[in-house]
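Each of the next two complexes has subunit A plus one other chain: subunit B in the first, subunit C in the second.
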Partner chain A sequence: MTDAPITDAWIRRLNLLQLVVAGIIVLTPTLWMVLSSLKPSFEVTAYPPTLMFAPTLENYAQLAETTPFLSYAINSLIVTIGSTALGLLFGIPAAFAVSWTRISWPAILTLAARMAPGTLFLLPWYVMFRQVGMIGSYTALILSHAVITLPIVIWVLLPSFDGIPRSVFEAAQVDGCSVTRILWRIALPLVASGVAVASILAFVFSWNYFLFALVLSNGDSKTLIAAAFNFIGEGSTQWGALMAAATLIALPPLILAALVQRWLVSGLTLGAVKG
Partner chain B sequence: MSEAAAKFTEDRQRLELAALSAPAVIFTVAMIAFPVVYTVWLGLHSFSSTGKQSFVGLANYSRLLADTEFWHGLWVTIALYVLSLVLQLVFGVWLALVLFHAKRLPGIVRSLFISPFMMPPVVAGMMWLVILDPSLGAANYILQSLGLPPSEWLASPVWVIPTVALIDTWQWTPYVALIVLGGLQSLPPSVYEAAQIDGASAFKTFQRITLPLLLPTIVTATILRSVDLLRFFDIIYITTQGGPGNASNTLNIYGFRVGFEFFNIGYASALMLTLTAIVFGAVLAFNRLRGAVAW
Partner chain C sequence: MASISIRNLVKRYGSFTVIPDLNLEIADHEFVVFVGPSGCGKSTLLRIIAGLEPISSGELYIGDNRVNGVPAAQRDIAMVFQDYALYPHMRVYENMSFALELRGTPKAEIDARVKRAAALLHIEPYLGRKPKELSGGQRQRVAMGRAIVRNPKAFLFDEPLSNLDAKLRGQVRAEIKALSQQLKTTMVFVTHDQIEAMTMADRIVVMQSGTVQQYDTPEAVYERPSNQFVAGFIGSPAMNFFPVELRGEQIVFSQDGADAPLDVNSRDLLRKAGHGVFGIRPEHFSVTADAAGAVAVTVRLVEPLGSDTLIHFDLAGASAIARVDPALRPKVGDRLNLRPQPGRAHLFDGSNGQVLR
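== the complex of A and B ==
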């Protein structure tokens, strides 16, 4: 048994080495994107690629000058916040009712909507929204993105509501509280952290969602993600600006995700795994 | 409380609970159920360029069976699905084991590992487009410095599917790993102790004990990834739009282009309903499998 500590130390070192390798693989492409966005325009396409350079913000300035980046960003914020709010408004009471009654089909219905390919809805939406002249409207975009946020809110909150002891509700009922009142006054404050995680996940996935905005937004309401496609067209030789756009688009979800990383896994698997 | 009063309270409560889930249900029916029924109707019709529709029965579906582009799309979808899924599960389980044995994971490390799948797939596509550029990209520079021949990556009809699978694997392996890590952390430690007393090697312990116990978690990860992989869209649309030629034209990309580039709404509906059936078929099959491997 005398050599056991040595083997243990080696196993630990080997594991740490693997962790570092995995970390490098995960981090390098993102780092390369950020580095490229900070390179002067003549250096970003230099071959062999350079690692040392004088960082500049000229790509970001160019993005602001030559594209309506800010108004795309505002469009993205309106659609994302709107659809997250709608998801919470519909999802919180639904999750509570499903948790209370154990009648789960409303939750499964919204999940099925999330599993189907988006193009399936996009075809009829396009036909219908065009008929009522709503293509390019914030309303159409917010409604379509709420299809993404609603199941996230419901499935993240379900285990939270399930975790509240039934006796809490029963006591409130004896005091004459209605179910609706129990939800808003008693249950909701108890699942506040769940609501925070649900909001952030809904925000992230709505922000990241590409397909609906690609078809349902137009020049005035184009979101950042839908506009990304234009940046590629323009940026075939302007990698610096392209990477600056990519960096800025990725920033909000990355910051938000870092805030709630501890609770993310169980939320992301829609309750399939208790993280 | 009298019996009638109790019944009144109970009815009232049931009504209130129904009212609480009503907005979500009505929204989903209006946005999903009704449009899907409409898609079924669209799939039975043909639309002329002037917007005139005519009932064509199952003609869109028989056209689909004779459409080589559909069969090609199905092949691309399945090849990309299998390749990506296998890579993500293998690397995901490996990464989960590494993370598990690291014991204490500082928040910053966890943030680092969730960063790929928290960023938009569109951004992942953009960054890899630059890295994998055939003439100026960093990837080919690394290959060349190692004495290996450069690759055309996304521009090669042969390599485009493995390349897209690699990009998706980069993005989603940490997600699979975190799910599997959750499974690892919920395993009872007593199993390992018993194996250690029996003198089992680390590999044997993994093969005979950890892996079988992890299977339900792995199937869960498989289901969650299958849903995304079978309807693969974002990364391909940003990087290749189905090209070069039609080499990465998945069913979802093909259906989208038929609908919104060629404006053949009827045929696109038939394509998307078929793809939806494939996705739900896979989910139901894996769900059964999960029941079979549960412990």
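== the complex of A and C ==
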């Protein structure tokens, strides 16, 4: 019996070790990116890397001078907010319908579409959008990014809807609710934290998605992540500016996640335990 | 308020038939209890009446309206669920007013109806609370309140007491009974607890394997069970059963050939049936000093309940119980003569369980 406290102490130490290792894996590239963005350009690629340096904002200044960064940011926001809204608009009723009918194949189909490589969609979409003259339009980008946001919304919300006792929906039916009204008046308020999580994840994934914007956008509709690619050239990559751009691109999702952190945690575990 | 009429109702899940062919008439203002063991189809039948389960074939009428295929929302019935199914994000007031709001009832009337129902159920202090802030008993009342405010054609209850503790269950049972007398509305109540069925019902539907075994008043179901299943299901402790047969002109226990304490009339019935089952409720034994017309048993176990005492004994290869006066104070190993009270013995057909007398 005296072994128990020792075992507990070891478990605590192992937990701490796991956290430290995970932290190092996740935070090292982030830290590297932020520090590199603050280094003079000649020090960014120096080997061995310098840890002590005089911080400078010259990379950020270069970024502002050489690119219409704000326009790209607005493009990214329009595409991301648009595709997230589209994902929610169709994903919420779809997830509810899958949960209500217990017919899961439509959800699996969307997951398959999400898991398929983006290149699979690119050619048909390029041809299709070109035919209707939509290449470079926000609509084409928003529609294509819905392939990313829709499955996220459905799969995040599905366990949340499944977690609501069936009898609550049945009580609403008996009370006189149509299925649509059950969704808006009963189910949706009960999965609010799930909707928050789905929105954030959809936002982050759409914000960071590179491939569709690279092919389907033009100079006017280019998103930040696609624009950042311009800094990579043959033999002349501007690493400092690239790191500055990457740091700025990473900020909105980070701020968003920090703001709704509590909802994020409760939403991710929703459906696992019946309330 | 309305009658409920079920005609040749069949319910199948795929190839599995839950209810083979059921007919039932529930009168207006009647309090009917569906009772039976788990899986007998009683909850399915209630859910069919509610419109939560489709009918495979047959007809269902609520009042004069044939409601096959009519959605639950349009049947104008109220239902109290086993887990109460309150809306977790709404306060008690909103839980109760929600259905009225959906029907476009004026606000003043909604308020009056909610407050009236809350007063009736003593839940006025909780109107501003969310369901998670209520105890089980309070949630149960809110669920009933939600049903009452609607003034529906019929109330359906799906085992609403099973999540309450024993004391509260007894209390709420009495309240529902009182409520039914006050509201004078058709009520259908599902339970597996035969005490709930006996105490609340105007008529009881005893179900087994999707069929109605008996549909009658609690007294009739208790006094004159239509078959061995009903006899064994209604009553606590359950009725004692002993296989009997006719040997010559003597009715004897099949197991040991000892004389069974059955009267002359049983002989003719047994002669036709071949062999039978003698049934007697524990409370219908009398302890007697005289061995004539009685069976001599050895006390195996004594359970004093205060109001009476249960004596366990073995007879003709079966384990049996007699309910006796607590003043008797029997001890394990004592020999007692037990005589069936006149007219209280039952005889069932040994092959199909149907009552012979």
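In the analysis below, the second predicted complex is superposed on the first by the 214 of 275 C-alpha atoms of A that agree within 3 Å, B and C clash if a C-alpha of one lies under 4 Å from a C-alpha of the other, contacts with A are read in each partner's own complex, and residues count from 1 in each chain.
Just so we're on the same page, a contact is a pair of C-beta atoms (placed from the backbone, for glycine too) under 8 Å apart; a residue touches a chain by one contact, two chains touch by 3 or more.
Keep in mind it's a predicted model, so treat the numbers as computed, not measured.
Student: Thinking of the overlay built on chain A, is A:163 touched by subunit B (first), by subunit C (second), by both, or by neither?
Tutor: A:163 contacts neither subunit B nor subunit C.
Student: With both complexes overlaid on chain A, does A:190 touch subunit B (first), subunit C (second), both or neither?
Tutor: Only subunit C is touched by A:190; subunit B is not.
Student: Which partner does A:178 contact after superposing on A: first (subunit B), second (subunit C), both, neither?
Tutor: both
Student: First (subunit B), second (subunit C), both or neither: which does A:208 touch?
Tutor: The answer is first: A:208 touches subunit B but not subunit C.
Student: Could you tell me if A:55 is touching subunit B, subunit C, both of them or neither one (first, second, both, neither)?
Tutor: A:55 sits against neither subunit B nor subunit C.
Student: Does subunit B (first) or subunit C (second) touch A:232, or do both, or does neither?
Tutor: first
Student: For subunit A, which side has the bigger count of touched residues, subunit B or subunit C?
Tutor: Between subunit B and subunit C, the winner on subunit A residue contacts is B.
Student: By the touch definition above, which subunit A residues appear in both interfaces, subunit B in one complex and subunit C in the other?
Tutor: Residues common to the subunit A contacts of subunit C and of subunit B are 178, 275, listed in rising order.
Student: How about subunit A: which of its residues touch subunit C in the complex?
Tutor: 165, 167-168, 170-178, 181, 185-186, 189-190, 275
Student: Sort out for me which residues of subunit C touch subunit A in the complex.
Tutor: 50-52, 71-75, 77-79, 81-83, 85-89, 98-99, 102-103, 132, 146, 150
Student: Name, in rising order, each residue of subunit A that touches subunit B in their complex.
Tutor: 11-12, 15-16, 18-19, 22-23, 25-27, 29-30, 32-33, 36, 45, 47-49, 89-91, 93-94, 96-98, 100-101, 106, 109-110, 112-113, 115-128, 143-144, 146-147, 150, 154, 178-180, 183, 204, 207-208, 210-211, 214-215, 225, 228-229, 231-232, 239, 242-243, 245-246, 249-250, 253-254, 257-258, 261-262, 264-266, 268-270, 272-275
Student: Taking the complex as given, what residues does subunit B use to touch subunit A?
Tutor: 12-13, 16-21, 23-25, 27-28, 31-36, 38-39, 42, 94-95, 98-99, 101-102, 107, 109-116, 118-124, 126-131, 135-136, 138, 141, 170, 174-175, 178-179, 181-183, 186, 217, 220, 223-224, 227, 230-231, 233-234, 237-238, 252, 255-256, 259-260, 265, 268-269, 272-273, 275-276, 279-280, 283
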